[in-house]
């Protein structure tokens, strides 16, 4: 048995897990693990041809269990997601080394468990991405779920509660998938992708509907699609800093990967198109699109309400997932490219944002947006990173988020879906508003007295953040780099391929060249600066407190910046009711289970249960016999 | 004169009637001792049913009295099984009764629901589960405070 | 209400089963196995009482299981009731008739018991019935004189040896190269006491075991404890 | 089966069934045990008519004799031995008091 | 050699009869009798397996050819179960030496013998006898565990089981009246003509409910939570792990060999579904570990009943996989409950006190939930593919319920796991936390190792089970093996 490139990658990943498990208690474990991630990334790079239309690579390892064949292989889709996974793992782990690690250990955190959970996550994600049939997909899926649970639950307390909620949702999703797999197996007679491909075209509408619902719900839970999104934000937010950066960057994208693989590639988005919902004008695909749009809007506006920076970011993570799905569901060349590209872009800026917020927590000890402010003078580099990140998140030029969102919008307009377009824009509006809240409440305004001697984040944390910021900008400037990978992914899953250039896309229905856009943008800034300096260019540095309000001069002990209850008016207008309704739904399901459980226990505790039970039994006999 | 009713019907009615009465008794009694008695009756019914399975018109008991030719005999196999079943039944009855003795000794009552209640309470105690009545059973099912024996007897006496 | 449901339930069950049973062919059993056994039993087991040949021969392992059940019941009852031989509080002393009658009956019952056991393969009766009579024989003095105690040690020794000898007889056949519990030493003398080979021995074991167990059980039940 | 046998069977069946019902309905436990021992006794006679002497013997010895003895002894130890039935008010319907031990 | 197969059945009885006498003279000798007999039984059965005697074969007891006499039918399934019985008997042996040792050990031996009989016997009434023996020995062992609650639960169990045995006996009487035979193979031969009617159906249903008492079938399983909460962990483990499976084995044999009516299968499916619903839901709110395990066991058995309602080899495979998986897991979990049996709330932070036990608990829970690549996943996978392949909508309901129940199961098991690993309650030092007893923990780890081994060698294990299922599903093979050369059909 010769090892293929894929085997090497998985082997390295497994070794990383082992190293974390055996040596994780020693201090340099963080560095060792980081280096090992680097080696995995190198191994992935050896498979780089995959990203440019290369042939899929299979693992030499196959199993034959209970009449099923388990196999693993990598294609462009897997490679693309693996790249993001390993990249974010490498940077998060790097970020964790050094000062953060020491602080974490001092505050009673279990570093060994952290490294172990991270490596397990990466390993299980690679296994999932490498799945070569539905069964190995499910195995990988479960492993990812449980590894994620470990990472989320390890902080204890609130985190464990959030993780419990997550795992309940995840189990429900997994069981939906499990059921779906059983149905597929029955109709296709096998779980190999090829067999399913042929069977999918002949399935009856009812069957296909059932499968779309089961798989869609199952994978959607992981993605945090409405109405299954409630678990995600608390779970991600409560994970230890670098962990939430990693999870926020990639974890829930595994759901998107599976949707791409199963719904798009295997069932074919075209087949799904034919599933009409009776008595309405929409079909399953429209349904998915609308779910995606609602997933954009509601969580984004919920994010606006958050007062914890991590929660805010985590809620955004849910909303951004909606853009990806939306692009994919539109399924033309541009939309799909936008959705896929957004996965990459989102991973970069989400990781950067989480890291920046973690850096703030590291220095100030809090992520409460009502207790921060003015840190720009103390942590300018972190501010820069956060700024780059939120520009990306909001989808404004010159950062990479703009490219992917532009592609999605453009395709919505091209395909004649104006309502969806408007809805998506509303979502973007919410994003802009809420990220402003983030940067304003942390970095702008008045510096608090207790933060007066805060220092810039340590370099061990700074470097990964800067790298990410650079990537965000570079891929914003030259989106052709990731678009090349995206194009081969599109090809691999059978979607139309977009014509990309180094600076963007080039097609009859619309073109974008970021080099030009950014050139114009900077030219605009340049002209403005020129005018400013030529017009006199007088500027004066003033102290933050060199100011007055209501006729009084300010002192440091007076709060003149009110960040509490930000956007109060808007919140008053829209607030509350929608998220409350989902919570209510969740609560009512839980209460129903509780109630039924009570009933069942009562049944077993009744003193004369024999009577009821025996008579039921005899009724059964009577029913059958007579 | 032959009665209008066939032997078959009488015997099956007896056997199945015993089973039904016994099962109904087990299910309905509120006293554990009666339950044991009723169980014995149901078992007797099942035994009769088994014997009936081997009965044969105009046949003799399955014992050879003469060598060589013999008249038709009833089926010996069910009889052997009934023999076994009877002894099993009495063994179980003896065991049940001895457990009853212990329960009566420990709990001072053989009323079914009271015994169950005390048992539940004891299980909860050994497991050191805090007893939170409102959680355990809905309001309507909470045990009422026990009525002193004397009151009940008076009522029972008049009814 | 509750009683009404109960009666309905019982009546319905009975009626339903009756409807089912009326489909049976009463009085003309298929006799598939029974017929074959009737034909073969005298030669194969040497017992004229075919029920006995079924109980000890064809379904011997059932009987073994049954003995075990009785043993298990007695042991469980012993476990439950404990071993305290504190005694005899309230059981009233038997009267004159009971006392002396018991003493006189004892040998009589013993004889009858053993007779029934030994003739189990020839006439109705056998180990169980004889065993019960033996138990009664031993229990009667207990009723008459509550102070007297059965010798539990002896009982359990009898019980153990009887039970194990049943198995040993079975195993003996196995060691002879035959099947477990296969009847041996079958004589061609139908109707005679010795005709059935090991069957009477098995029945003796059964009888002793049943007798000892039941006597033990009864005495356990009969003893009252001061704490009650 | 002769006509007279048929009548006997019918009588026995009636006896057995009514005894069984009695077991559940009488209030006195002693009476219940007595009724319960009538059932196997009747059955034993039935078994004789059904050409099952072995079973009949066993039923009589074990079911009627031994089992009644066990139940009676148990009644005494359970403290339910109340011949007069003044105090004991337990049957299918009434349950509360089960009478005090007599000794 | 194959004649010796009767020994694992008979020697424990022999030992049980002799034990009180030996104990009377020397406790130290007596204490070794039981384990020695069980070990010998393991050896004989294992040897039978390894020596490659052609399976299945039939062994006539007393040398009487099967339809007349009683036979033991030994196929891979029976052998597997018999071996499991002896092995678990050894593992759950009540080592405690006290005044009642003789009786308790004798009862345990009887229980083992009877269970072996249930696994091997090929005669309906004989199965009934062994079933009753199991019942009586169980009552004794439950009541022997001491507390007053144990007596109360034992009597409730006894009465319910009494109802069951009456119904079983009735069913047997009906079958015998109709066919005149009780030999399973013979019945299998006659069934298509004689039992494929309402009478046969009624007989099956009465037996189903009767035997279902031990198999924790839905309406007759009210005894489960209270008995498992009051009996000692070892007894509970044996009951939940093995005895319920043996009762299931009887139903399986009856279903495969004799009763093929669709109604019979439907009833079982419905009862199984109800069992899953009631068990898993009740477990959700259970406040102590033992009762949680008991309810979960009801749910799991319900799942097995659902699987049993698929009358094909594939369904049997699912049954076997679930059965043996549950056997391993529940026995192990009950061993952990020995010490952790109390209120769940009291287990806060117990992982620090006994990390190994907590790890084993998590392992068992994950397998029970069906996390790949643990064996539980494969068992569930087999079941759901089989269920999805059925056309009747009832099966799809079963599938849905099964999946939902798994979610609930995951929720409550993980809640407990999270408690274990969570921080200990304030003002309880770690040392005062509960901890499973050493011997029990060792036994539990043994099961854990077994589980891991099965996970590692899942492919051969799967093949083996498939082979076993194939043999068990083969009615003709059964008939021919038992009745070969006897011509006893007419």
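As written, the chains take the letters A, B, C, D and E, and residue 1 is the first residue of each chain.
The rule we apply is simple: a residue touches a chain if its C-beta (ideal position, glycine included) is under 8 Å from a C-beta of that chain, and two chains touch if they have at least 3 such contacts.
Since we're looking at a predicted model, the values are computed, not measured.
When you average the Cα atoms of each chain and compare centres, the chain farthest from chain E turns out to be A.
Interface comparison, C-D versus A-E: the higher number of contacting C-beta pairs is recorded for A-E. Ranked by how close its mean Cα position lies to the mean of all protein Cα atoms, the top chain is E.
Centroid distances built from C-alpha atoms place A farthest away from chain C. Here the spacing of chain A and chain D, counted between their Cα centres, is 76 Å. Rounded to whole angstrom, the centroid-to-centroid distance between chain D and chain E, based on C-alpha atoms, equals 37 Å. Each chain gets a centre from the mean of its Cα atoms; for chain B and chain C, those two points are 21 Å apart.
Measuring from the averaged C-alpha position of chain B to that of chain D gives a distance of 12 Å. Residue positions 598, 610-611, 614-615, 621, 625 of chain A each touch two or more of the other chains. Contacts with at least two other chains are made by residues 52-55, 58, 62, 66, 70, 74, 77, 79, 92 of chain D.
Under the contact definition stated at the top, the residues of chain C that touch 2 or more other chains are 3, 6, 9, 13, 17, 20-21, 29, 31, 33-34, 37, 49, 51, 58-59, 62, 65-66, 69, 72-73, 76, 80, 124, 128, 217, 221, 228. Across the interface of their complex, chain C is touched by residues 52-58, 61-62, 65-66, 69-70, 73-74, 76-77, 79, 92-93, 101, 103 of chain D. Chain B meets chain E in the complex at residues 19, 22-23, 26-27, 32, 35-36, 39, 42-43, 45-47, 49-50, 52-54, 75, 77-78, 81, 84-85, 88, 91-92, 95-96, 99-100, 102-103, 106-107, 115-116, 118-120, 122-124, 126-130. Residue ranges on chain B touching chain D, taken from their complex, read 1-3, 5, 7, 10-11, 13-14, 17-18, 21-22, 24-25, 28-31, 33-34, 36-38, 40-41, 44, 47-48, 51-52, 54-63, 73-74, 79, 82-83, 86-87, 89-90, 93-94, 97-98, 100-101, 104, 109-111, 147, 149, 152-153, 156-157, 159. Chain A contributes residues 63-67, 135, 138-139, 142-143, 146, 153, 156-157, 160, 163-164, 167-168, 171-172, 175-176, 178-179, 181-183, 185-186, 593-594, 596-601, 603-604, 606, 609-610, 612-614, 616-617, 620-621, 624-625 to its touches with chain E in the complex. Across the complex, chain D is touched by residues 3, 49, 51-52, 89-91, 124-126, 128-129, 132-133, 135-136, 139, 214, 217-218, 221-222, 224, 228 of chain C.
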